[in-house]
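I've put the structures underneath this note.
Look for chain A in each of the two complexes below; its partner is chain B in the first and chain C in the second.
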Partner chain A sequence: MKKTQEALTKKSWVVIKIIKSFLSNLNTNKSSILAGTITYLLVASLVLYPLATLIFNSFGISVINYSPTLQTYTNVFADINNWIALKNTIYIGIVATFFALLFGSSLAWITTRTNFKYKHFVSFNVFLTLCIPSYVYAVAWIDIFRRNGRLDRTLAAIFENFDYTFNTYSLGAVIFVLSINMYPIVFMAVSHALNNANRSLEDTSMLSGATRLKTTFKITLPLIVPTIFSIGLFVFSRVIANFGVPAALAFPSGIEVLTTRVLSSLNNLQLQLATTLSVLLLAISVAVFYWHKFVMKNRRYTTISSSTSKPQLIELKKSKIYVTILIVVFQFLTSILPFITLSLTSLVTRSHLPLTFENLTFSNFTGLFQNPIALRGIRNSITFGAVGATIAIIIGLGIIFVSYKTKMLGRKFIETVASLPMACPSVVLGIAAILAWSSSVVNIYGTPWIIIITYISLFIPIVLKNLAGIIESQDPSLDSAARVNGASRLRTFRDITFPSLKGGIFSAGLMAFIIALREIPISLLLFSYGNETIGVLMFNMRSDFGGTEFVSAISVLVITLTVILRIILKQVALKRKNKKNGSLGEYYANSN
Partner chain B sequence: MKLKIAQKNTMKMSLLIQLVFPYTRGEFLAIIGPSGCGKSTLLRSIAGLETPNEGEIVIEDNLMFSSTTSYNVPPEKRDIALVFQDYALWPHFIVFDNVAYPLKIRKVPKKEIKQKVHQFLCLVELADKEQRYPHELSGGEQQRVALARALIMSPKVLLLDEPLSNLDAKLREQMQSELVKIQKALNLTVVHFTHDQSKAMELADRIIVMNHGEISQVGTPKEIYKNPTSSFVASFIGKTNLIAKKSKNIKTTTLLFDELATSMNIDANDNTVLSVRPEDISLSLKYGEYKGTIARVIYHGNTTQYLVKYKNTELIVQSNSNTNFNQGSSVYFSIGKIVVVIVGR
Partner chain C sequence: MVLVSMFALVGCGAYTNDVATEDNNVDNVKKDEISTSWTDLKKPHWNNRLAIPDATQSVTALAITSGIEQIFNYDWAFFEAVSSNNAMLLKSNSQVAEKAKNGEVDAGFLPHDGVLRSINKDKKDGIESPLKIVWPKEGAISIQRPIGIIANESRPNENTVLSAEFIDFILSTEAQEIMSKFGFISVRTDVKLPKGVPNDVHSTVVDWEHASENEENTRSTYEKIMGGN
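Entry: the complex of A and B
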């Protein structure tokens, strides 16, 4: 009896001590505690709660129903279709990653290490590719390759009685489109690594008598292998998370991947199946993503640039003309041509009509602003993006404050939780939101807020990655100086830290906004009448009224807006100078 | 008026800072020691930027920190000014705003702020640079802005974290004299943390020598230089010849040590070390107590240093540059002053 009492007092003493240390670490500043607590609550409710709900639901546990089971999983694995979807997911993941790595790293090597001339052309096309959402690529693919599409019509005009047998909808198409969509990220990462790799290592190799080619394979390549490996894992995690492309290019011929299967099971009113599949997809993505982070962190070399001297460029000699032609043709086909074909289609009354003066029209564009649904979609995407980005920035600032400027208990845990959506496929976030926000406890389904809240969780990691880099590079004595001069923690954050974060906040906001313009699965899962977004329009217009012209017009609009926003983003980054090139946040924002 | 801190565990080592030192208002103190001796931990603990594990900090009768009652005054409430090594001027504020910041925080009326900032910028002779950004200023000017910012809050204590080390020699001398001038004018207590003993000697009224997280010696520069109580202090403050009974590289006992010990009539044991400053040895061609040979000549301009070999000992001797002894020649020398140091004290 006495013993238990003693143990009890000991326990409560420990609890008191923890609380006390929690509070005293904040130097008993009430406003700091308040700011920290609000941040914790927001992260817990907006990020942790939906994901936890998803996982618990897959085991049959929810707020209203407690019946733990593994039946859901045995059901999933009993159905051969799920196995096929899993196999297809991993297949496109591996093959598309391979091609993205191949295209991206070869281009990076050629532009940084050889005397290839048209480097600006390459960076222009990489930029344009980044501005085209993956789903828009799929639309362009269909526009070109479908029966009676652009290619079919062209060939039919040349050859009489031409029989078009190309299979428009296949896994191959998905792989092609996704590897094109992803190679710019590989290009950026590998160029960054090559530019930062210590030149003297390569110079020494050549002074020791190795040829340039031998140096490339024996020195340069091993130096950047860790970078290639980690970016490969990242690309893989983004490819398997993609929903729009397999939905547009594989689903029509009955081929499913995990993301599309989640949606189709939801459409068949099998919420439990969708939930369990989502958890499986989440598990794979999170595992790959954290593997990538681990590799990234444990890279032993690459970023050891000390000299700024330009390296001796490799002379391409005779092969130069072939390399040039190959790159120009490849990039023309993968970035300029899709844009041209979309523009052309958006400018004719019916897509199969030839481009003559009579058929030329702007009605598709003017229609966007006359059709109430289209107008609403555009307006919604802009508002949801803006509101979501603003709130994500505020919460992100709270997390940054707690995590870097206080010693509050569990601050790193909160930061990790808040970064988690980075590793989640958007489809999974959507399903989690359905489960979390349309229960009998909280029901905001049917309001814009369910989309906005999910956008917030999607955007917070972007804010964090943008700001953490700046905070880490900042001189800590600037903060200390403010403290000894009389400013509290919170005041210091406002007066000293915040001004230096402004550029990063602006960039993060723009990146979030770009994602809102192109995002499909979240709004597709969560929209209701009146809350349609651009993503919903693009996705549904094809099936609803087969309006390729309309979709093309929206696509052109999205691309144009993205180009403008990205140019602003670039200017901001240039102005900031300490731009953290090759940062994870940048790749993440670019791959969504 | 005391300051007492004990033990601060850092990741790398366990520091045992046991110091209680009284100071009088308006004193210029220097805390010196080699890097890693616990200076910065002490400095940051006094300012409140770090929390010691144990002990207490009392500044002018005000308790700032106590581990037993877990009482901790946050840095913003301590009224301690700190000039950082890299000045820590806020890059997004102009000079005026940098200096005005402590007053703004304290909600001083605008008019008064303007007047006071001008006054202090005049004090550091930067009144004309009010509207500039820190990056538009030279290193010396930045340093003076940092000083003005520290002084404007009329602190109890001004802590200096080696702010002079980033300046070139000429500017440093200028800043030093200015600093002392201002300090005396405002009757300010200054604690200067540095690893540079020569600067500390020039500036400080009193010096506290630290090593391995403990205080080795406290005293005026003269006391510390003339009467070091440990071999560490003797060798850290200025150059010296440490003569031990048994040194590491000589197997047998140092012959010079024995001779000196007998002549001085001291009870020498293995822990006794004798310290002889290079300038306390005089060289002569004709007469002297000991006879050695010149092993090396190092010409310094205003002085010349000789490495004199005597039996199994080598001594550094400093003499004025007019002397002219050749390498390899024999020379007589006399020792003017010997300090007896006992290791471990």
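Entry: the complex of A and C
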């Protein structure tokens, strides 16, 4: 295993070296065409080919078999269970989006428009919420609400003969966890819109005699409705793409959504059903995602704040204490409490034992680094994430170069294709990879590369979103100056454009790495013995190897690592001083 | 799981036998509640206290489901009762043991080997396991744990020579004793039963051929009964 790892890092170094020498040695215009062609080929084979294979396969067409049919789809629609899964998917999508919008935008309004005091507390909790992966939230939910869980045991200690009957596993649980997981994104987007909206409009309305309530509904709300609508569509597309939460919180009650149904059909060796369901899920996600992009694009930026005068903050007066209590309690319950409960469980020898001094141990954490399977999982996630991010950055740079610095045919098309995985549920990417990379033509199933390649396609959009913003704000005359002095397009890109992209590249790499630490469906579908990841370890909890306390320890580790990486990310963003750019990439990275 | 549809299987057989049993978490269970037969799990006092491996998520669970189906002579009343007891459906056998261990449920059924390993691991760490295996009166279900060898068309020699060697090794006393240590029941008569499995354990024989023919029906009936409870 170690050898494979070494070979892996070696291979990626070789790739980097080749590209480096390629960039420095070739200086003609021909070389930019060559670089463009390589980029086209890479995007076509890593992104377009798997997705096309998936879609063709759903119609019965593959490399080895040509028998076009619609039977696959009629079969899917003939089974009532698929309809139920579809209905559940849409249901959790709509309701979780509603609550995420409600929590996120009211918090945003309170922190930007009122004299609410504890704004730092709010941003700290939003930050912590972003650091907790959705599946870890589900684990925490179970830890608190299960029979003999934290809540049950506490209540039993207080009341005698207490009968705990709460249903831990339901669609309601899925909706609750996902709306908590998603509200920070809404908060970020709406805060941004509120900060950018011209407040003198609101001040004018107040001066003209409108009440605070009327101003909020007649002036403020219309200003941010487009933002709310577009971010709502985005949240919806991420909620229906989620796999880990419904798998943990709905499956045990026999309730399925589309993503979990894809997995169960695979477990029943029904690859065709999994394929067709994936295409359906893909179609819904892509439609919603591009609707969101369309709304974003056509958003009316009414005004951009230019006044230097500080706008009037709304006095909360009597209600202040209630608002404060409500927010503090809500955020404590949704970000600090999950972390505390997981930490407690990770510190007892066995989760069924009471929290007493003699049951306290660090062995669950030391075990992570002693148990060969756990250690391998952690190492794999780090390696796959690092290698995947590096290659995604190189390809992303190629796409940026072709798209912004050349006039090659089809450059915008290739950028669109490379951004597609952003709209794809990870489960779908996994199924596409199985079909594309384990055929009789190409077969890398069972190697780490099938996971890494899928990670690359997942990461490229993050790189693109991070870099496009920077490059658009660059003065084109810098390029012209270099070109007039005889530098080739590629040389100009290397010496003029690239240095300013460094910060963006670093951020993109960190975001990709954070996703690799929490990602479940891709590695779950594609791993084989020796290629387990952190996600696989968390998902496949076993009583004879590592149980509840072990999964809690991994969860605490993942949260801690994410907090560290996010603090670094924040520092980089502060240095770059352009928070706005790449925000969609940031939402995307945050919602995975 | 996908491999099977992609490659041909050269060898596939019963190398180890496995007994599906009921599993009780005794700490939370009153003495008179303890199940001694499959039908005991139908009793209403198990409401919200049961977990079973889900046949739509695990192939072993599907095999166990077929076994139970045959024990009850294709009468699904057992699963209907388990469903109305709101049994938790879990993605793997070992999760049933885990949920019973952490007290989330008090009983369930799963192959005994995972339970034995869990008990042994606790013992090694100096902790008394809350799990106890109960062997049902009607008989435990004996299910096969097959080992597959994947053929590689580009290496015809290895396909025959190496696989034959591997099969010989797997069936040897040495290998079967390793299996027994992991809790599996050996196909050899000269290998002792794993510790924790009584010598007089009674098990039923499942008609696998019929189970396999009937698979689609088993699955769809199961889904209809257990879905969305």
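Everything that follows uses one rule, which is that the second predicted complex is superposed on the first by the 553 of 592 C-alpha atoms of A that agree within 3 Å, B and C clash if a C-alpha of one lies under 4 Å from a C-alpha of the other, contacts with A are read in each partner's own complex, and residues count from 1 in each chain.
The rule we apply is simple: a contact is a pair of C-beta atoms (placed from the backbone, for glycine too) under 8 Å apart; a residue touches a chain by one contact, two chains touch by 3 or more.
Since we're looking at a predicted model, the values are computed, not measured.
> Could you classify chain B and chain C on chain A, in the superposed arrangement, as clash or fit?
fit
> Who contacts more of chain A, chain B or chain C?
Greater contact footprint in residues on chain A: C.
> Answer with first, second, both or neither: which of chain B and chain C does A:I496 touch in the superposed model?
first
> Touch test for A:G486: chain B only (first), chain C only (second), both, or neither?
first
> Mind working out whether A:L478 is in touch with chain B, chain C, both or neither, as first, second, both or neither?
first
> Quick check on the superposed pair: does A:L266 touch chain B, chain C, both, or neither? Answer first, second, both or neither.
After superposing on A, A:L266 lies in contact with chain C but is clear of chain B.
> Between chain B and chain C, what is the tightest CA to CA spacing in Å in the combined model?
Closest C-alpha pair between chain B and chain C: 52 Å.
> Please write out, lowest number first, the residues of chain A touched by both chain B and chain C across the two complexes.
Touching chain B and chain C on chain A: no residues.
> Please give the residue numbers of chain C that touch chain A in the complex, ascending.
Counting only chain C, the residues touching chain A are 1-6, 27-28, 48-49, 51, 54, 56-59, 62, 86, 88-92, 94-95, 97-98, 101-105, 114-115, 117-118, 121-122, 125, 127, 130, 219, 223, 226-229.
> Can you list the residues on chain A that touch chain C in the complex?
81, 84, 142, 146-149, 165, 168-169, 247, 251-256, 263-264, 266-269, 271, 349-353, 434, 438, 445-446, 540-545, 547-548
> List the residues on chain B that touch chain A in their complex, please.
44, 47-49, 70, 72, 74-78, 80-82, 84-86, 88-92, 101-102, 105-106, 149, 153
> In the complex formed with chain B, which residues of chain A make contact?
Residue positions touching the partner: 20, 24, 27-29, 475, 477-478, 480-488, 491, 495-496, 499-500.
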